[in-house]
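Common to both upcoming complexes is subunit A, partnered first by subunit B, then by subunit C.
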Partner chain A sequence: MPDTQVLVNDFLNKLKKRKIEGSQATARQTAELLRSVISQQRVPYTNQAGALIDAVKAVGEQLIAANPVELAVGNIVRRVLHIIREEDLSLTTAAIGGLNLSAVSDDENDDDRDGDSTLSAAAVAAAARSTLRPPSLQTLLEDTPVSAAVPQTSSSGGDSEGKTADKSSRSRKLKHDVIEAVNELIQDIVTCHEQIAEQAVEHIHQNEVILTLGSSRTVLEFLFAAKEKKRSFRVFVAEGAPRYQGHLLAKELVARGLQTTLITDSAVFAMISRVNMVIVGAHAVMANGGVIAPVGMNLVALAAQKHAVPFVVLAGSHKLCPLYPHNPEVLLNELRSPSELLDFGEFSDCMDFGSGSGSPLLHVVNPAFDYVPPKLVSLFITDTGGHNPSYMYRLIADYYSADDLVVQRRATAGN
Partner chain B sequence: MGAQKKRAAAAAAAARVSEDPDDLARQPLQAILLADSFTTKFRPITLERPKVLLPLVNVPMINYTLAWLEAAGVAEVFVFCCAHSKQVIDYLENSEWFSQPNFTVKTIESHNIISAGDALRLIYEQNVIHGDFVLISGDTVSNMSLTQALQEHKERKKKDNNAVMTMIIKKSKPSPITRQSRLGTDELFMAIDPNTKQLLYYEDKADHSKGTICLDKMLLAENPSISLHNDKQDCYIDICSPEVLSLFTDNFDYQHLRRHFVKGLLLDDIMGYKIFTHEIHSSYAARIDNYRSYDIVSKDIIQRWTYPYVPDVKFCGNRATKLERRGMYRALEIEQSRSAQVGSFTVIGYGTKIGSNSKISDSVIGEGCTIGSNVLIEGSYIWDNVIIEDGCELRHVIVCDGVIMKAGAVLKPGVVLSFKVVIGERFVVPAYSKVSLLQQPTVHDSDEELEYADNSSGTVEFSSIQGTADQSNGEMTSESSEAHKPKLGTGGVGYIWSICEGGQEEEWRHSVAPIPEDKLTELSEAMDDDQELVTQDRTALSTSGELISDSNASEGDDNEDSKDDSVYFEKEVEATFLRAVEENVKVDHVILEVNSLRLSYNMTSADCAGAVFYSMMKLAIKTPHSSAIGLLTLYPSPFSMVASNAYPIYLSGELQQNTANIITTWQKLLKSYLLEIDEEIEIILKFEEMCLESAKEFSPLFARILHILYDKDILQEDAILRWADEKEGADESDKVFVRQSEKFIQWLREASEEED
Partner chain C sequence: MQFDDQGRVNKSKKRAVFNQPEAKNRVELFRHLPQYEHGSQLTDLESKFLELDSMHPAVYKVGVQYLAGDVTGGNARCIAMLRAFQEVINDYSTPPGKTLVRDLTAKISSYVSFLIECRPLSMSMGNAIRFQKSRIAKLPLTLSETEAKAALCNDIDRFINEKIILADKVIVRHAATKVRDGDVLLTYGSSCVVEMILLYAHELGKQFRVVVVDSRPKHEGQALLRRLLAKGLSCTYTHINAVSYIMHEVTRVFLGASSVLSNGTTYSRVGTACVAMVAHAFRVPVLICCEAYKFHERVQLDSICSNELGDSNDIARVPGRPDVNSMDNRTNEKNLQFLNLMYDATPSEYVSMIITDYGMIPPTSVPVIVREYRREYLLI
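Presenting the complex of A and B:
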């Protein structure tokens, strides 16, 4: 336990001081941290899932508070909670199924999931999460009651466990399964670029012109994948002021032999009529299909809409956030140092508060993110395929249990 | 002691190991944090609480410094506590700093230390610093990355063992009117070698009344280039080699880091220690030195220049704060009346209550404050648990913990209320006054150095009044309690400190309040006058200065000056001559004038001859003429004509004609200076020089004009021959004109032989 505390503190520190950049790295490290929290957590005799959930919640709450703007942390915490619930559910249903087969055969879909999960719960759980197939009406109807039933089952899980004879083996199994599933999750996060990139050829066609803004690893891999498949196309890169990460992207694209044009952010509108598709990365995707993305993205999206150019957002599943944005321009934004915009020394005389009214006449605002409303987004490409913005809430229901969405607040109230 | 010895041995071992360059990089970085500024600028607040624990935007200052050190990769920090050391240590023990992984904080406590120099000497004795370290005081806010500066420092150190310190500087323009930086410190002059970044000169106490600063002449002589800055701000972050500590020990009179140590090293070239600078551009660094910098740095933090050390990032266990639109930071659990107006760039702490119709702007409000209705707060810093009743007005003030302001009290700009002061109803505290429960120490330290010497134990020895208004100790002096207490209104508790003698004038400079408008206009007017004076001074100085350097134009250094003089002399002579030509002054008068010039410039007659000749030739050029070069080509061998001894015919070039005319007219003037053959040679040399440099038009005509001069008896044949002989051994390039006049010289030689 003290070991994890050290790890948690270390990670908290990094989050607080904004030392970790990029949602993928954050997501991976969060998942790894939670894995070690789970593995160190001593599981009580009864209500093991509850104990694990509490442990993860306790850590997760701190992590989220450490950097509320980095939504990936919260996403991963919720995903892990969901995994615990799901594994617990599958074990319970399996146990019940063992006792009473007819209860399971109720529903075909659940049946094969649970039937497999008795063999290898982790593999099936992962498969269930990353369902590539389009959702049938049946799954839509079935899934909702299941996720609603989760808390019930988990709380009643203890009771049913108490009745089952092979408790000790089960408790070990639950923890083992959860850790397995978290490993899967980490694997998913690590490989999300490749999975998204695999779909590149379906979207990028010969002789097209692609526009992107700033730098995103996902976009980079996506474009490379298309290039490797012998597609020939051109890329316009908007430099992404004030951090100018577009310059780095352009450099890497050129290194891989892609025809690249670097433009200023303000030139996007002028160039957009020549563009066939806008492909950008995101910081986070909200439940309503809105996108939190590097600053300047809303302008690009508006320009794309004006010229009816498809605006495609690439996002790994760890970026899907189950929350609905409220005042995202302010509350989900990070205001960074003005020094990225201008040189303090040059402007030091403008900021001499010592004269006049004492309040500065020059204000510099440097927001890190932009909010792109869902109506401006044409398509999301996640590691499970392409989705419409209006479908995001569905996708999110696959990854998160409805119980965890507000779990943080309830936990604070409880504490 | 044993442990200490062991540590020393370990240190020695570490030093030995660290000679390996790879190991040098891996050695954990240490830092010395001085949790004491050794000044009195924050009095009376610092009588009760150490400066490093004063809240800066609701977070004690030392947290900014420690958070930065931790982020910059420092592994071990020695916090040196002196004044109120117990408070500092208690605070650190209860904070999270002692439980950080990879970051150790150790405290060193001492009570009888009165300066930074003493502190460093003590640390040296303890032998805890093993390698390069960061020297910083606990009131510094920064977000810079140390990596580059550290690497530069190490590389320099590897090359030159005397590079002991790297000072971090930042560009920041001083105000031209008040002659102080935006942080309220005096204008700082630094001379830096632009190539090596070596610091050559450091002056923070320049005398502005004169408008000049003095640089050592050697500074200019020894360095190929030097750039003098007044727009740099000293961040008071130093990367030091361990030698710095031993230097302090060797020079036991070093007290102040800058005034003694830096200046001492710069002046003392015996040891040859060097200080370098590292300028930061995008990152922030500033030290809180006085109330003004407290105000400015707070505003910088609110404006997020110090990111990530801003209120809404929990960098050191501060309360969760949300940033809203227009730079409004609000913690949780705030009770705010609907009609209260909280303006932009305001920070409101946890659990504060704000009443109806109150207006707050550009201010920082601490935790648990209660603000009544109809209160006006502008540009102020209100710390924790302050009670402000209805209708108070606060403009640009600092209000410490636990102060109670009764209804209708008014604080004028620049007021500082120390802990737990009570201001009576409707009382108006005058501008720039400082109010404390503690009496003002009667003996005023003449020097600010001696700050905490007397109250080092942390308990305050001044008489304090606790609550009761009419308690008065025997210690109290005449002008204290009785005189002051009624001044705080009915029910008021505390003393208004009298502003120290002569300090009134300067109070506005360092106050938390902005400089009032009328003061600025007054200053700028004064400055305009000054400037006129200065320019007048300068002109006066320049002439007299030359006279001085004239008299000692002997040393190598002064050669430059004498050269300048001869140029001036030449110009004067030329001016005189031209005037003479224009106004037809008699030759005798011109001679007189030139003679007087010669005396005043202390020139020889040869110089006069040269100058006069020079001006004559100049005149010849200025008189209109068509190009002489074109004509020359018509006569490829001019000296065939000279030989025929009929030169007037050959004055075909207008230039030549002009020259001849002028020489004829003014030959008397020229001759009056040609007393000996030396002067004549001087003229030839001068002419040669002119042809090469200032008046190239003459170069094709050199031989002919030489001939004219000979004919007019200005030059004797001896002079010309001797000149030719002298040139015999010269470089090929020098012989151009000798060559040109070869025939003429030959003719002269033959003529003289014939005579013989």
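Presenting the complex of A and C:
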């Protein structure tokens, strides 16, 4: 569709140029883009789910490649794929349920029942072979895309008249259901702050001292909610160089009447002995419970562990990534411009390539993210409640399908 | 001095040489430490130049240098102060009716309180002053005034030479044995001893890389970086937030110290504790390089009971970032405080070894040195 292509290209440009700030905004825009892709995708009569999945995978591959460090994009793509599979499954089970009922109603004749039950068994086997089940050896060895197998085999059983009526209503229904579910997903993304903030009063008591680093909207809403419930507490904000987002957070907190002290990141170890709790936001949460967070967070987490201060991470469910991190400091990190650390004007004479080997003497390292291992995190607070880091892998089963971990279109011709 | 005791604060204000307005928004935890509005102090002191008859110009000059931040670092401040005291002693003449010992000690004490007003003493300076006073007190009474003055100046020279200059040379020799080819050495901020070690090891021809870690608000690492690059060492520069990222490649960490306390705690520039903690987490050895005259018999558990508070405007203002600097006019807002700590205390379990002029010792041996070698002062 030319419309969607323009939208997709536009979004890809924005991702490549890092124009979109924050995982919530990225997640919402990705979901809206995929919603338009789905609604404009023409689905064939048979195998609607397969077509939708392929369309989403095609777009999703490009989106993920545009900004591999922004894990929220991949998360939303996988969520949408999971939604498509789920909706397809529920429609298929409804259809099979219809077949089963018609089989059970004939219970005078044993032979008939056997025949009908064999039919429904075939339909059940077809459903079992759908992409919703975990991949079995049979499906893996099949060359044809698995999703293609579903409607064909189910069309082989049952009344043909009922089936055609069934199929057309099913095709309309599938897209409709998927789009409704994606709307719910967008709604969840937008309201994740409120759901997390509702839990604030359970964790913050009176006269508490809280430490945070950088700026996160989730943390802001969390602290405001506790303030609304008349808990009095003080906040130490570490400024989070070199972006200095802590200054902005401190401004907002002070505007709402919270006692705030702004400290440098180097003073974190000095001050943490007088802090009751560390509450921070995250950029992404990995499947092992590890956290990708703004640079400097590992420092805070280690200091908190040394002084036995609880380290609480607030994350909306769109930040949960089904991948396990391997060498995250390098592979899931971005290096930003050295000019944020050193003034080019002052150090330009040191940057010359005059030494013998031809390489410059000075390297400036300015990573954007930090990895915090799961053993340093005490608690995750998500919109579904509080969880231990060791539990995060279970939440993946709720939101993602195992087939979607690698978002790649299969290179087969049979479609 | 206890700055939360109002009576004492008022008494000291009466004796003060120049006017220091107290900061308005003070952090509750640090009420026991002095915090002043830094903006007007320097101009105030400079304006008082002609009024200070009792102040020796050399001491005045050193005070202004401290206040303006021109002289920083434990060794530099100590040497500047002792040289000023040498001039004081040379120009001194005993007034009639008074003894040299008592009068000179009183004069030195008044100069020291002036220097404290400009900037609180570092522990190295405290030790040097105690040494000075004990030398004055030990003067034999049979000496004439000129002989006494010469002896005192001699003592100061010997102190500076033995305890600082030669001690640095010994430390550099010891530490250079710990640098191997292919090492990646990390240092934080700017310590003169660590700089000497790196340059010496480079001269010996060892092949290594240096990582300079820096932090706000002073960015002291940039000056060190420039000097190292000028000598041809290959350096990596980063901010303290990124120290977890860079620690994977590091083989050794060299840190300087303002002082080492008797429970093995290292008292040094704020951020040193963070660097040592991350190095410990990554199993990288941490070596503290510190002259023995900086050891102190005090003990300290955390960075809050005793510290120095710097200018809060340094935190509020971020140079070169106008979007963030709209905070500047908020320094007087009631709910918002800025905390600019100068020092922090690194626990002894993060330190692998302390390199001093008495050798390379573990942190647990510091009280032994304080006890055994303090007698040296008495024997000179």
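Convention: the second predicted complex is superposed on the first by the 336 of 415 C-alpha atoms of A that agree within 3 Å, B and C clash if a C-alpha of one lies under 4 Å from a C-alpha of the other, contacts with A are read in each partner's own complex, and residues count from 1 in each chain.
By definition in this document, contacts are C-beta pairs under 8 Å (C-beta built on N, C-alpha and C of every residue); 3 or more make two chains touch, one makes a residue touch a chain.
All figures in this text were calculated on a predicted structure; none of them were measured in a lab.
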Superposition on subunit A - do subunit B and subunit C clash or fit: fit
Touching partner for A:Arg42 - first (subunit B), second (subunit C), both, neither: neither
Contacts of A:Lys17 with subunit B and subunit C, given as first, second, both or neither: first
Partner chain(s) touched by A:Val364 [first = subunit B, second = subunit C, both, neither]: both
Partner chain(s) touched by A:His247 [first = subunit B, second = subunit C, both, neither]: second
Touching partner for A:Lys230 - first (subunit B), second (subunit C), both, neither: neither
First, second, both or neither for A:His326, with subunit B first and subunit C second: neither
Touched partner set for A:Asp343, first subunit B, second subunit C, both or neither: both
Residue contacts with subunit A in the superposition, subunit B compared against subunit C: C
Partner chain in contact with A:Ser266 - subunit B first, subunit C second, else both or neither: second
Superposed arrangement (fit on chain A Cα atoms) - minimum subunit B/subunit C Cα distance in Å: 8
Common interface residues of subunit A - those touching subunit B in one complex and subunit C in the other: 343, 346, 355, 359, 363-364, 366
Residue ranges of subunit A touching subunit B (in the complex, touch as defined): 6, 9-10, 13, 16-19, 65-66, 330-331, 335-340, 343-346, 348-349, 351-360, 363-364, 366
Footprint of subunit C on subunit A - complex, ascending: 239-242, 244, 247-248, 250-251, 253-254, 257-271, 273-274, 295-296, 298-299, 302-303, 306, 329, 333, 341-343, 346-347, 350, 355, 359, 361-367, 370-371
Subunit B to subunit A touching residues, read off their complex: 67, 71, 99-101, 143, 170-173, 175, 177-178, 180, 182, 184, 231, 281-284, 292, 295-296, 299-300, 303-308, 313-315, 320, 322-325, 327, 345, 361-362, 378-379, 396, 513-515, 517, 520
Interface residues, subunit C side, partner subunit A - complex: 27, 29, 214-217, 222, 225-226, 229, 232-246, 248, 270-271, 273-274, 277-278, 281, 302-304, 307, 315-316, 318, 320-321, 324, 326-327, 330, 333, 335-341, 344-345
